[in-house]
Amino acid sequence: MTLLQVDGVTKQFGGLTAVNNVSFSVEEGQICSVIGPNGAGKSTLFKLISSFLVPTSGQVRFDGAQVSGLKPHVAARMGVVRTFQETTVFKEMTALENVIVAHQLGLQSRTLGVFLGSRLARDENAAIRDSSSEILDYLGLGHVKDERAVNLPHGYLRALGIAIAMAAKPRLLLLDEPFAGMNPDETNRAMEMVQGIRRRGITVLLVEHDMRAVMNISDWIVVISFGSKIAEGKPEAIRADEAVIAAYLGEDDLELGH
Amino acid sequence: MATATDPAPTRGEKRVLGPFLLIFAPLAAVLFVAIPFVLADMPYWLNVVTNACLLSFASLGVWLTFSIGRVNIAQGAFCLIGGYTVGGLTTFGGLSFWLALPFGGAAAALVGYIIGYPLLRLRGIYFAMVTLSLTEAVRLAFLYFGTMVGVTSITSIPSPPGITSPMAFYLFAAALLILGYAGIWRLQSSRTGGVFRSMRQNEELAASIGIDVARYRVFAFTICCFMGGIAGGIFAALQQNVYPQSYTVADSINFMLYCFLGGLEFVLGPIVGTFALVVSFELLRAIQEYQALLYGILMIVVMLFLPNGLLSFFPALKRLSGGRK
Amino acid sequence: MEQILVNGAILAANYALIALGITLIFSIMNVLNFAHGQMFMLGGLLVYWLVVQIGLPYAAALIGATIIVGVIGMAFEVFFFRQVMRNSTREENTMLLAVGTALLLENAALSLFGEKQRGVPPIVSGVYKLGDAFLPANRAFVFGVSVVLIVAVLLFVNYSRTGRAMRALAQDRTATLLMGVNTARVSTLGFGLGAALAAVAGGLLITVSGVNAGVGTAISTKAFIMIMIGGAGVVSGALLGAVALGFIEAFGYAYLPGSLTYLMIFVALIIFLLIRPQGIMGKPWG
């Protein structure tokens, strides 16, 4: 079943076209990757899909409903949740508090009930605590859950960012360059994490520069260059695609999956 | 063991109730036992602490906007709105103070709610500057439209019925303050408080996990404005008058300073900050001409040596006595 | 009509000095200088003191007051702002420190000079006539000195070594540090220059309209309005904001009842900021 449908999406900034008429779709349960050379418009496309930018034309449909043009928090409620590059977490909170506060969706108790401490709100708080601990354990952060985020090493922060997104119970998780700046060892662990997320029934769309990691875990790859889609297909097909090789030529790290 | 009759959350609730009582009980003791006992025959000082209670109440609201990451220099404007509403309803409308007071809070909250949506999109110094402008704009609006209808100021506002002595007025103000403290404390320690803190640290990240940032921002701001309106309404009845210049930019700045000097990390911060500044200003009155200067120096010294507020002195002390950094 | 334009131009020139100063401090230090109006006030009162009490000639008094306030500004940077910036946990801290220094200056001025409105007699007498407009020579003098100073500051910021370092610092603090610029020294100088500009504006205006110890907050508010219109931290924006405010004020005072002018300015400003939060020239979020 098609979960995400990107349909002729274009984004212009002033006279500059950052994303030009890009279409593709993501099937439920897939790991799909959008790749491209530096400056290809990956970040813009990512923001368009996650509703952090509004497309100039075209639309993004999620599970049949239009999500482009919605506010980010509304898209999150529908099940489209993004992560941020690098180390965007709530720095002054502990790891556990980070994930607890991220449990905002699907709650029954309202602000007044929370304020008055209703039975419902207390039960929900307990459920949130359990769920948060479970997510942290699943992503290998259980042992640092009471550590303040500012004190955590970089690698952990990336995982914590994903834990925060997981707490919003996404159906589609959008990962923004999850492997950037990682050494091969860290990349391997992060790849396992991404596959683990998919095993929980979450569809994953990731935007990435690192070709090797993408080739190994993706079911489907979309390649963009200068804002336009130049190829899409299974990893083996992409590896052999002339247009893709040409686009990546001149890049320093020409490494097509070995 | 968690059972059906003794669910796990109650344990969590009790854990947070402990620290609350640790501060709440001494605060109540100071407000309702120590101060009334010591100042019983000192009407001047009783008036000073009554003022401090009401100012603290308004500052608690400003503290709440600090907790969502906004420097709010508009509280004077909402005190003014509350003051005029209560003053007008009691003096011209013949309404009892007790009926008029909720309207004072509601009028301020309504204005805050309406302008909050667009205004709170601004951040950092822009929000600070625009709220500062708002204080001046509201003052000028009362001045201009007041002149047009021939009533710029309201004088001889009736006292609240039932409150016949300075002590009674003080106890009323103290009760309001402790109610406000409990309410804000409860709010910030609840899930909603977590949402506020998350927004202060990163609004985009908060939105990405489904938090309706705009709605929560306005929620916090509206509560702040409501508290300002209530404080302003009571002040109008206490001083029995309200003028456009009853609250100026300097007053709005003071509310913000009280929070900051008490400590932004503590709900008690605005109360400690307000009392410390109001009382020290009165004490410095003894040295007449240098009162203002010493007050200014005192404030800078606190900022330099306790940049996280007066209350951060205690954890610092604890660290020192514990011998660890 | 011509009279309004003349008045507007004089106001705009004086305001430009204030706006340049506050925007300089903001761009270099990322501090919103709440004490700017108080520095203006102190400049004015020091000129009054040096001229009326000490008996110095006006030019010497103006230079003296400017230097004194400039040094105060540098001292603030070294002893207050640098310390707080080093170990502050929240970005609000410097803003609140600036509020503290504003109170300090205002209270010091109250203790030293009292709360009376002070003035200095006009430096030059006579009246020029421009078309239908009257231009008192003293105002022409204030206008002339302001314009010369504005040009001097612009030249300094754009072409001198230190000025270029200041602009670099405003754009990227870390990169400037890596380039081998002594950022601490440049910050101190920038803060001092900003303070001095406020002082010279006060020292000039005291010959026109008088200054009292309580005028600071109102001047700071005007400074904020100007940088909100133009965009915080941008020199061209500061000038634009000053010109806009000067002429709006001149027109408002000519055609509207007293309190309405600023009421309308504030309302227009709030609406303007909602449409364009970064001002006309500014970058988003400063």
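Structural remarks
The letters A, B and C name the chains in turn, as written, and every chain counts its residues from 1.
FYI, contacts are C-beta pairs under 8 Å (C-beta built on N, C-alpha and C of every residue); 3 or more make two chains touch, one makes a residue touch a chain.
If you want to know which protein each chain is, UniProt gives these names: A = Branched-chain amino acid transport system ATP-binding protein; B, C = Branched-chain amino acid transport system permease protein.
Here the structure is a predicted model, which is why all the values come from computation and not from measurement.
Overall, the chain located most centrally, as judged by its C-alpha mean against the mean of all protein C-alpha atoms, is B.
Across the assembly, the chain pair joined by the most C-beta contact pairs is B-C.
Comparing the CA-atom centres of all chains against that of subunit A, the greatest distance is found for C. The distance from the centre of subunit A to the centre of subunit C, each centre being the mean of the chain's C-alpha atoms, comes to 47 Å. Subunit A and subunit B have Cα centroids separated by 41 Å.
Centre to centre, using the average C-alpha position, subunit B and subunit C are separated by 32 Å.
Subunit C makes touch with subunit B in their complex at residues 26, 32, 34, 80, 83-84, 87-93, 95-97, 99-101, 103-108, 110-111, 217, 221, 224-225, 227-228, 232, 257, 259-260, 262-263, 266-267, 269-270, 273-274, 277-278, 285-286. Of all residues in subunit B, those touching subunit A in their complex are 7-10, 12-13, 186-187, 190-192, 194-195, 197-198, 201-202, 204-205, 207-213, 219.
The touching residues of subunit B, when paired with subunit C in their complex, are 66, 71, 115, 118-119, 121-126, 128-130, 132-134, 136-137, 140-141, 143-144, 147, 248-250, 253, 256-257, 260, 264, 289-290, 292-293, 295-297, 299-300, 303-304, 307-308. Here subunit A touches subunit B in the complex through residues 50, 52, 71-73, 76-77, 81-84, 88-93, 97, 100-102, 104-105, 111, 114-115, 117, 121-123, 125-126, 128-129, 164-165, 167-168, going by the rule given at the top.
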